[in-house]
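What follows is chain A paired twice: with chain B in the first complex and chain C in the second.
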Partner chain A sequence: MSKRIGLVSVFLAAIAVSSLLFVSPSFAEVVLKIGTLSNDANQLDPHVSTKSQDKILFPWVFNGLVRFAPGSADLSKIEADLAESWKSSADGLTWTFRLRKGVQFHSGYGELTADDVVFSLNRASKKETSTAYKGYADFASVSAPDKYTVKIVLTKPIPSLLGMVTNYHGGYIVSKKAVEKLGDNFKTNPIGTGPFAFSEYQSKRQVTLVANKDYFRGAPKIDKIIYRYLPDEASRELAFKNGELDLIYGTREQRWVERIRKDKGVKVDIIGLGELRTLHMNITKGPLKDIRVRQAISHAVNRDEMVAFVGQDVAQRSISVVPLGYLGNTSDVPLYKHDLAKAKALLKEAGYPDGVTLKVIITKVASLRVPMEILQAQLRKAGIILDLEVVEHSAFHKLIRQDASPLVLYGAARFPVADSYLTQFYLSDSTVGTPTAITNFSHCDAADAEITAARSEADQTKQLALWKTAQQKVLTQTCSVPIFEQLIVWARTTKLDYGFEMKNSLSNGPILNEMTTLK
Partner chain B sequence: MSLFPKAGGLRRTIRDTIRVFNRNKTSWAGLVLLLFMVSLAVLAPWISPYDPIDQNILERLSPASAEHLLGTDHFGRDILSRILWGARISLSVGTISVLMGMAVGTVLGILAGYKGKYWDYMIMGVMDVFMAIPTLLMGLMVVAVLGPNLVNLTIAIALTVAPRFARIARAPTISIKNRDFVEAGRAMGFSDLRIMAGHIFPNILGELIVMGSLWIATAVRIEASLSFIGLGVKPPTPTWGGMIREGFQNILSDPWISIYPGIFILITVLAFNMLGDGLRDAIDPKLRNS
Partner chain C sequence: MLKYVLKRLAMAIPILIAVLTLVFVIIRIVPGDPAMVVLGDQASAEALAALRTKMGLDVPLIQQYFTFLFGAFRGDLGASLLSGRPVLSEVMTVLPYTIDLTIAGVVIGIVFGVPLGVLTAVYRNSVTDYIIRVFSLFGLSFPAFYSAILLILIFSIQFNLFPVISDPDLSNYGERMNHLVLPAVNLGLIMVAYITRSTRSSMLEVLREDYVRTAKAKGVPRFVVITRHALKNALIPIVTVIGLYLGVLIGNSVLTEIVFNRPGLGKLILDALSERDYTLLQGVMVIYAFIIVIVNLITDLTYGFVDPRVKHQ
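Moving on, here comes the complex of A and B:
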């Protein structure tokens, strides 16, 4: 009898102890689960990938020498990051940065030194290892006088130099040791100094990041981030509503925003900088060679209808080829008003009284395909028929860079200075199909002189004037139709608090760092 | 039995079909539904209340009303008009692809059955390989290789359908080719082509028609599935599968955009199946003679 009681009490004790293991909330890991738009990563090398859904991750993993204040994309509010202090010489040609001491790279790759910075900036300025290389053309040398000092010498003064060493694209500092050791694997195993360290990448599934407990600003309060690839909008929303996700890339439409805002415990963040949706017209091919046809297209586009479709909160109409809020943007440009009669008259004048048909390629992704279908309906009213071929997103990116589509609808956010947009989209040097190609889909060449001169103009008033002339010339040549800017929508549970006001971001997504908490 | 049951076989099949149809109310219902769908498709240009590709952004996603009987989609296009125009594509892709598959499959099947030996091995071997690939996967591969458009979509479905008809045609051919009338024809020096086309084909036509009506239902479904995964026709052309896909963007708030075309697919597939079942009963000798 007593033996039995003994056995039972041991059994009960075992149950009690094991149940304690399950009910121990104080030890629970804080895991932030995120749902993003894409179906997979392109690659996770910050100097190479320009894909929006990769860019979102980079500021969580990497730092620059300086940074935009979290939640801001204001060039006048740049603050210290890996560099503690910096100064420039009187002629503006030499910049010296003092590095913060004791900053550790993830996964035991050691302390950050000036060597890593020199390596990173040189890597960012080489065509073979970086897609940001053009911005660094005026770097004469980057050197390390001692372990914690970096010296940048320029061939000509760059007024916005700090912008090139921020936590953005070529400005991210990578570990020299890691790049050399991992080689090609670095692109799926990024090593930085940021608040979160890369842990695992599962193709077409997710990226897992873990807290960098040694982060120089303090250990993050979130232990783990699971960044899941969920291209389908409805399933992403469903998972969010069921509480399986804490933060999702939202649908960038008014109706969606209004609907999800009503849900309890949900906060919607509409984040700048917006992506400017521009219709680029190839000025060297077919009917579009004739400027009157391009003007007809410009007059046939109805911006107000487009903004009404997307919604006042998430879209703003654009008339200039440089996005609003970028240093150098001007609204003093030739405006092509919505005027179907004029569009038809221009087509007739150009020798197309019965209209024209253009074979156009567009991606499956809704944020470009849907506006393109609206444009298709708008242009049809003026007799311009678009024969749309819908292709996979990666095929779209490849084909438009092979000049396969006379009209290219493209949306992009770049570094918020007029130069980045003008250089990449309208400088003849950047024309697609050439060895120095970036994204000049229109073969525009109207403002080469102004764009190049503005880049090294030390006097800001003169620089702004040059950028203004450039924007006017591009639109006079009618290389493209700027249509609207689309802001970025993220929805989060109210339990997630960024720790700062999330207004603007250059990474297409929210900034997550040591201040961010998840209750 | 006449020596050469040529037109007589066909005429009797039709007569018996009508007789069994009269016994079987479901097949009449199928036929009526189908004729209704076909007339909607044919009359679409006249009965559609709106232009199916005309956008009206301000009235988008409006629910069913007197103005838009089935509401509007995310571009403010009238859903009813799009369904009516979409019927033309869905029905014609379904019918044409099955007719194409039937033509190719029947010729190959009769050839394999009649010639036998290595003809049989070769043709049916290839057909078996095709049969082993699931229909949707086959369609997906063809469209992926040739590119998504209406013609390729039709070809893709025809390719998945053809082997089924080869099977259906081959078996009765083997049994018929040893029948007296065929032997007699051969003795009189008829060419193989004449025997196959003139004497074997009319005798297996009944089976083929039944299979055809059932496979059109499947073809309509395959078309919708391929359009649904984005391998259908180009925008803004309306197709039922494409409409369901487009409606998915707003499925949580405005499900009707996907539901209405779904209902039309359902009715069409049902109509073909009901008709096919009736036809099968009609040509089944056991039922025919009872």
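Moving on, here comes the complex of A and C:
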């Protein structure tokens, strides 16, 4: 008996000791460990996925013909990337790009040539292979006159054409050979020309990238990136505090930012472009058909109170239906001021002297649910009662596209040109429930002519004027109430230095490249 | 015996069909769209419709149901809608982590729960009894996700003994054990609480039996009376409880896996649910149901070893 007890004790002791003896193997290589939100990668194909956790990776793996300067989302600071020079014809219909020579694709897929660019841009403009295809509708042809020259012919001039061939969504250049060889597997085995090459994807766990030693701007100083999917915010933060992660997707709350900023060796980056939180009002149904009810809602919303609640560092007051920092954004619009008396008077005038009740669907995801609860409290003061139904996030997305909620609180960041926001949210073509639907939840149709005309307006002054009119008309029709812009929060160890100022990013995450170092 | 096992396995078939049908129906009642999960919110209605066709979600539900049912009986659980990988291979990747965690949780539960239960029964209504009972009540009512965070704060952040993220390389034995400790303790604490309580009540009944009094009167040493005479006869209800609570353990393993970011069946189910990965969810649930059936069968078979009077027919 005692012998048996002895053996069991020895066994248990062995387990305990062996578990404690484990020491992390020390590598000479520099490994950057990142904790991101979400459970898993969905598609690592840059032309297909528009999900945040996927988008963050793309600029590390892919290049465009041109790019935003690292840390910037300023269209006026676009610089050369895979193309070393470009020119457009006098009529603006033909654009010619001269490619860099000697740029290599990852994993031995050979040198980048004009064929790859032609293939990529054609792929980006096809419905079957791209979710960005609508943006490329005015491409008449893309051809390769020689190995290093790409010619784009347009059906009508697009003044912001460079934006469409930048390092964003459909503008990423993929390897033709890799896409053809890998087929459907390309989505979990992306091949680009960027500073980091895809190495491994482990379902629901992580993606590993390795330095592209042949990167045309020079070999990165970080050898490996481990990009981990850690959906639980608390454990992501704890792992960061424990040194298991160097960079994490933070919680977009003032309290969180202030708390983690106090920790030693931690730097918090609050990155734009913000996601504009807008309350879309379905102008075709129920009490909201009456513009006075919509105006009452607009007057009942208190933006300053909302920003104060969410936090001065992580939120900013919006000024129009197009987010701040986007080309075409203007403050010269009839934005409704907070005025409860006016809201009540408008409701009374519309035939609702005792107030109105609206049944509204909202996701359980805190970044939208919490602002919605604040709006609920604000609107109640004007006699507008919101009966909130909280649903799963994926259910929310489905239901709001079926017109199931008269009010839709939505947050989004898009390509920083007014056209992208206006087209997706306010053009009748994008109205939910139609075959070409995107995210026009309000059924807004006030500015169709201006939005469409601005797209092919070669004169930028005229284009800006058209966008301004469009924003004014959308607000006059009271299709939506722009409320605030939510910025993105990342926390990193001070040992990580991006190598440039990280102010804005279109990928929702920091840009990592050959300048980035980890001590 | 073999006949009994085969009979029990045959009985599992209707259970599995019922589980499959329930899961199939429930997941589809809840709104949500796997195509939207893949493409994101900027995708147009056309692109979403095209992907739904590719995923096979546009064929009639009844056809989807029978395709899955027949596939399942051929051992083909289909492929995940999102990753495209076979469901079985998704499960096999994470199964070792779940097995490690569950076994470790049960072992901790038995190693600590049974002696503590015996102790509380023997020293009934003493200070020891009260302390252990309060402890077990605490274990029962404490949410697993909260105890997990407390364990991390103490043993990872404060003492830096174990990692926060429990995602070991399975081929590295040291790392595997090191990463297992905190999640296993977290799960084990719940099991200890359950086993302590059922051991106590079972022991109290046996200790009142005449043969125990007789043994004591004969002068058999107290330790022998408790372990050989009383505990042995108190074991059947304890074994039942362990078998039953394996279900509870699996439920709590979901929370443990999430907080520790540990791969496992529980986390796989939750991910599949939140992403509306219908085929993955169906597949994993069928495998889960199968595991529960097998565990129950093993529990029943164990009775025969614990008590030779039990015959399986």
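What we mean here is this: the second predicted complex is superposed on the first by the 492 of 519 C-alpha atoms of A that agree within 3 Å, B and C clash if a C-alpha of one lies under 4 Å from a C-alpha of the other, contacts with A are read in each partner's own complex, and residues count from 1 in each chain.
To be clear about the criterion, a contact is a pair of C-beta atoms (placed from the backbone, for glycine too) under 8 Å apart; a residue touches a chain by one contact, two chains touch by 3 or more.
Worth saying up front: this structure is predicted, and the values here are computed from it rather than measured.
> Should A:Ala413 be classified as contacting the first partner (chain B), the second (chain C), both, or neither?
It touches nothing on chain B or chain C.
> Touch test for A:Leu399: chain B only (first), chain C only (second), both, or neither?
It touches chain C, and chain B stays clear.
> Classify the contacts of A:Leu238 with the two partner chains as first (chain B alone), second (chain C alone), both, or neither.
Both partners.
> More residues of chain A in touch with chain C or with chain B?
The partner making contact with more of chain A's residues is C.
> Does the superposition put A:Gln376 against chain B (first), chain C (second), both, or neither?
Only chain B is touched by A:Gln376; chain C is not.
> Let me test your reading of the model: by the given contact rule, A:Arg255 touches which partner, first (chain B), second (chain C), both or neither?
Touch partner of A:Arg255: chain B, not chain C.
> Which partner chains sit in contact with A:Val356 here, chain B, chain C, both or neither? Use first/second/both/neither.
neither
> Just chain B (first), just chain C (second), both, or neither: which does A:Asn39 touch?
second
> Residues on chain A in contact with chain B in one complex and with chain C in the other?
Looking at chain A, the two contact sets intersect at 232, 234, 238.
> Quick check on the complex: what are the chain C residues that touch chain A?
My answer: residues 30-33, 36-47, 49-50, 82-85, 90, 93, 149, 152-153, 156-157, 160-161, 163-165, 167, 172-175, 177-178, 180-181, 258-261, 263, 267-268, 271, 274-276.
> Per the contact definition, I'd like the list of chain B residues that touch chain A in the complex.
53-55, 57-58, 60-61, 74-75, 147-148, 230, 234-236, 248-253
> Applying the document's contact rule, which stretches of chain A touch chain C when the two form their complex?
15, 18-22, 39-40, 42-43, 48-51, 54, 127-128, 131, 133-134, 184, 188, 203-205, 228, 230-232, 234-235, 238-239, 241-242, 244, 391-395, 397-399, 401, 412, 414, 424, 430, 432, 434-439
> Spell out the part of chain A that touches chain B in their complex, as residue ranges.
232-234, 237-238, 251, 255, 259, 305, 308-309, 364, 366, 369-370, 373-374, 376-377, 380, 387-390
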